[in-house]
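Each structure below is given as structure tokens.
One chain, subunit A, appears in both complexes that follow, with subunit B as partner in the first and subunit C in the second.
Up next is the complex of A and B:
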């Protein structure tokens, strides 16, 4: 009671600041909270945007979607995409950060080339890779043929297509991990590495026992940002494979898109979004806990 | 008393404003800008040409032609129609999606507009194409859209190769398979057959002429029937044909089919649309000038079944420029513009007179066959659930095509899912 009264007093005292903050706060609430509430509400309805059919069906959407074979495949594909993509992007980004920490001839132009993919629009990236992956006239198969090997169905082999899409994501977003980790690496005092060297630590020992622990918070940050981003992958699937061949590159975002914007089944699309929201919220909780732990130290 | 007085004054002051807002808005007079939700590519270029020509004769009418990719155009139009904002004055509609628009009452009736202008629908239009713009789907249905592009799916084969190897024009789908086998043995430089294998609309469009020719149907009496014995025979045939198609046919869409046909790499194409073959006899773009015959599909147990795929033009009910839009609609679907669009952009006409134009007949020798195919073409199921049905059917067809499901299982699962959709 006393706490509430103190809080009220604080608000009254700072009413001017609260007043000028209110419009921005209202916009944020309208643009973020309202759509989420709408999605939550729609997920309990059989709701078709075209026919205006809106019927409360409780948890039926949740059970029908979870038992839908295409949603199941989409979910598994999304997990694979997110896990493999994030792992390799962060791993390669870290390796590049270590490489560029040293001095070598052509370091600056090389850095521009390395970060270039991140600056290109995803649709352009996909067009380029789609051409490279082309079965009959693509560069990759041309090189394989020149090396005496058979062509590979990069996008038409159902066992390979998902990894071909992941490879494009790795190519585009490894530079992001690289930039963040390199910034962290540059903030470490050189004396730390010199001390490790004097203590007899070799290169790899220094990397795993000194660099990684110091950079841990940045690594966690990149892992979580990339996990969230890869979990929502849509444009690469849309532009490269359309979810095919078969359902081999279907992802949850693509499933939601189709339900929402091709069939206009907003109820089912909202339910699938709820599942995604739960997973992303769990990832965000891990991240927030990690940040708070860092703050406690 | 004082409050009542203030209230009365307010009512008197606001009444004119209310009446102005509530009364129907008269159409804008003077300069008009029409916004068209159109397609990209050749359709967009053709529409741009038509609007530019129209503005020359009607300087007070200008246009904003939106050239949108298929999915994006559909999404944008549906959202606008539903919200009734009237952002568009004319919309292009792919015919399988027309029932959604017609059933929802989003389009203005063209019958009423024709009547108010003292006109009747020109009998020169091919009736099968006009029928797609009517709701209910019958000759007596209300007219909501006119066919701007009289697309019909056709079959193409290389006459030079067929002559060289002594093969006759395939009359049945069994002939196509037999010819593909022979061509594979006789000519290793050419792929016997090509079609679109991408899941969803492409594979379904390519498969339907085979499916129908085997006597199968997607829906019968509002029941899914894609698991019938006829459907299974059709799919098993399709899988046999795949052995003679390019290895990556599962990822082939219209661009790949067209490029391979123009490049002389295919002996037969089971699915060509008029807009794909417009430059077939243009030596700047084609390596097979005069060597390809475009014709109606072969038959099998049922007669040849060309798929109609017209692009319709309709006027949204919410458009604020309906009269100006109607005038342009009559112009763009008129005989003269149909001939110009066919000549310059390869746009398939929807009028008999355009098909019989001597200049066009010289340029497109397959026009008599195309006209006959259009007259006898079959429409996809007239249901507002077609996009969902097509995507589902196309997904399982492709799963069978890439060998991840047997033909029987794919059709059985597709049938169950389609039944759920239509219920």
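Up next is the complex of A and C:
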């Protein structure tokens, strides 16, 4: 009883801080707790939003979604997209950061130019790549033909389309990895590299035995951020291929979108969301641990 | 200062440097020239690298097609979702950086906010959609501003929290001794000191909201309310080959953001690490 009273007194004394935290707290609760509870609940129902049919069916959605060919394809596609995209974006970004290290003529304007792709609206990026990829009169196939090679179905070939979409993501987001890693590179004392070259370390030795270990935590963070972002890819798939040809570019986000907002099967869409959340939770644990390690919380 | 192996800039460097610039710039160049090409030039089987004249009709058509309405919607939603997030996170960030809440709540809350950032938006979309249908918030820019908090709020909270933590508390203590009220301190002392942080946060937040597509697609069905990303995607699917007009919209939609490139570069390359989270 006494404890409760001191607690209350403490809150009253500090009511200002409680009051100004509350609005943000309320919005965050509204945006997370309510939707997640709904998703969990709906995943156990056969629930069609248009016919308003809502029937408890236990784990039936879970077994039918996991054995659904299209869901499996979309899951594999998402993993490929996320893995290949992140790997190449961070790898190329790091290579660019190394390339731009030091002083040279035109460095500053070139840096600003290199971050242009991430400043262009995603939908505009998709539009221009659609014209470049166009089968009959697109520029890429024109160049291939000029070089004596056959036209390529960038977005029509089911074996290639996913990689064409990934390429657009790489074009747009490599600059992000680049700019973050080059800032990290600049924060390393020059003496470190000087010592390495006095010790006789060549270029690749300096990069892999000195630079990478020092930048490691930043590299990990960029990898995680790009993984989170590529894992949810939706707009590029929607604008470039619509999931096709066949289901060759369908991703998990696109699958959930189609189940939920084209067929209005909210139950199945929720179950697919649950499977996605399992993977997201794994990424989140690594990500949050990394940020706690940086000591920002 | 002696040169290290990372500094060497030989001929190979300049070749790679040029290749990078071409790869980056060519698609952007293509947006610009396509916007100024006539429909005939755009469907020519031999690509036209340099248009014969400035074909301005694309822009005329796009503006007649209601471009400014879409621009207004985009700007309205981006600015107001950012303002709303800034207000909430300015208050919350101050509380989190200046007061230790019981049960490690500061950490719990910040991690919770990160979780919002990590969740795929499409997962949140279904429950929010049914709720918004019930609340008649569909086809409503105000409703879109609420759901955009999913993107802008976590970002603003983390950014402003970082700036608050770096801000010395001496000024606040001095003002408190002089008898200033809590809100007075926040408004007259803290806000002016935080100005550059608030501006940086708002610019990044506006860019994020400007680009958003999924929620706009789901929550806006009325063509008059469409934001620019939605307008562009509908253009792609409906008029596949009107590339000139498509790129004209794209160019107009992108120019405002490209103008910020220098600023974004400056912020991000000066160890602006909070932009990471």
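The definition used in the following text is that the second predicted complex is superposed on the first by the 271 of 297 C-alpha atoms of A that agree within 3 Å, B and C clash if a C-alpha of one lies under 4 Å from a C-alpha of the other, contacts with A are read in each partner's own complex, and residues count from 1 in each chain.
Going forward, a contact is a pair of C-beta atoms (placed from the backbone, for glycine too) under 8 Å apart; a residue touches a chain by one contact, two chains touch by 3 or more.
This is a predicted model, so every value here is computed, not measured.
Judged by the touch definition given at the top, the superposed model places A:32 against subunit C, while subunit B stays out of reach. Once the two complexes are overlaid on the shared chain, A:261 sits against subunit B and subunit C alike. In the overlay built on the shared chain, the residue A:119 is in contact with subunit C alone; subunit B does not reach it.
Of the two partner chains placed around the shared chain by superposition, subunit C is the only one that A:139 touches, whereas subunit B remains out of contact. Of the two partner chains placed around the shared chain by superposition, subunit C is the only one that A:280 touches, whereas subunit B remains out of contact.
More residues of subunit A are in touch with C than with the other of subunit B and subunit C. Of the two partner chains placed by superposition, A:163 touches none, neither subunit B nor subunit C.
In the superposition on chain A, A:51 makes contact with subunit B only, while subunit C stays out of contact range. Touch criterion met: A:203 reaches subunit C, while subunit B stays clear of it.
Comparing the two complexes, residues 49, 136, 261 of subunit A contact subunit B in one case and subunit C in the other. Chain contact summary for the complex, subunit A toward subunit B: residues 49-51, 70, 135-136, 151, 153, 155-156, 158, 241-247, 258, 261-265.
Residues 71, 74-75, 78, 82, 100, 104, 198-200, 246-248, 250-251, 384, 387-388, 391, 395, 398-399, 402, 404-405 of subunit B touch subunit A in their complex. Every residue of subunit C that touches subunit A in the complex is listed here, in rising order: 1-9, 13, 16-17, 20-21, 23-25, 27-28, 30-31, 34, 43-47, 87-89, 91-92, 94-96, 98-99, 101-102, 106-107, 109-131, 149-150, 153, 157, 162, 182, 186, 207, 210-211, 213-214, 217-218, 228-229, 232-233, 235-236, 243, 246-247, 250-251, 253-254, 257-258, 260-262, 264-265, 268-273, 276-277. Residue ranges on subunit A touching subunit C, taken from their complex, read 7, 10, 14, 16-18, 20-21, 23-25, 27-28, 31-32, 34-36, 38-39, 42, 49, 96, 98-99, 101-104, 110-117, 119-132, 136-137, 139, 142, 171, 175, 179-180, 182-183, 186-187, 190, 193-194, 196-197, 201-203, 206-207, 211, 221-222, 225, 228, 231-232, 234-235, 238-239, 252-253, 256-257, 260-261, 266, 269-270, 273, 276-277, 280, 283-284, 287-288, 291-292, 296-297.
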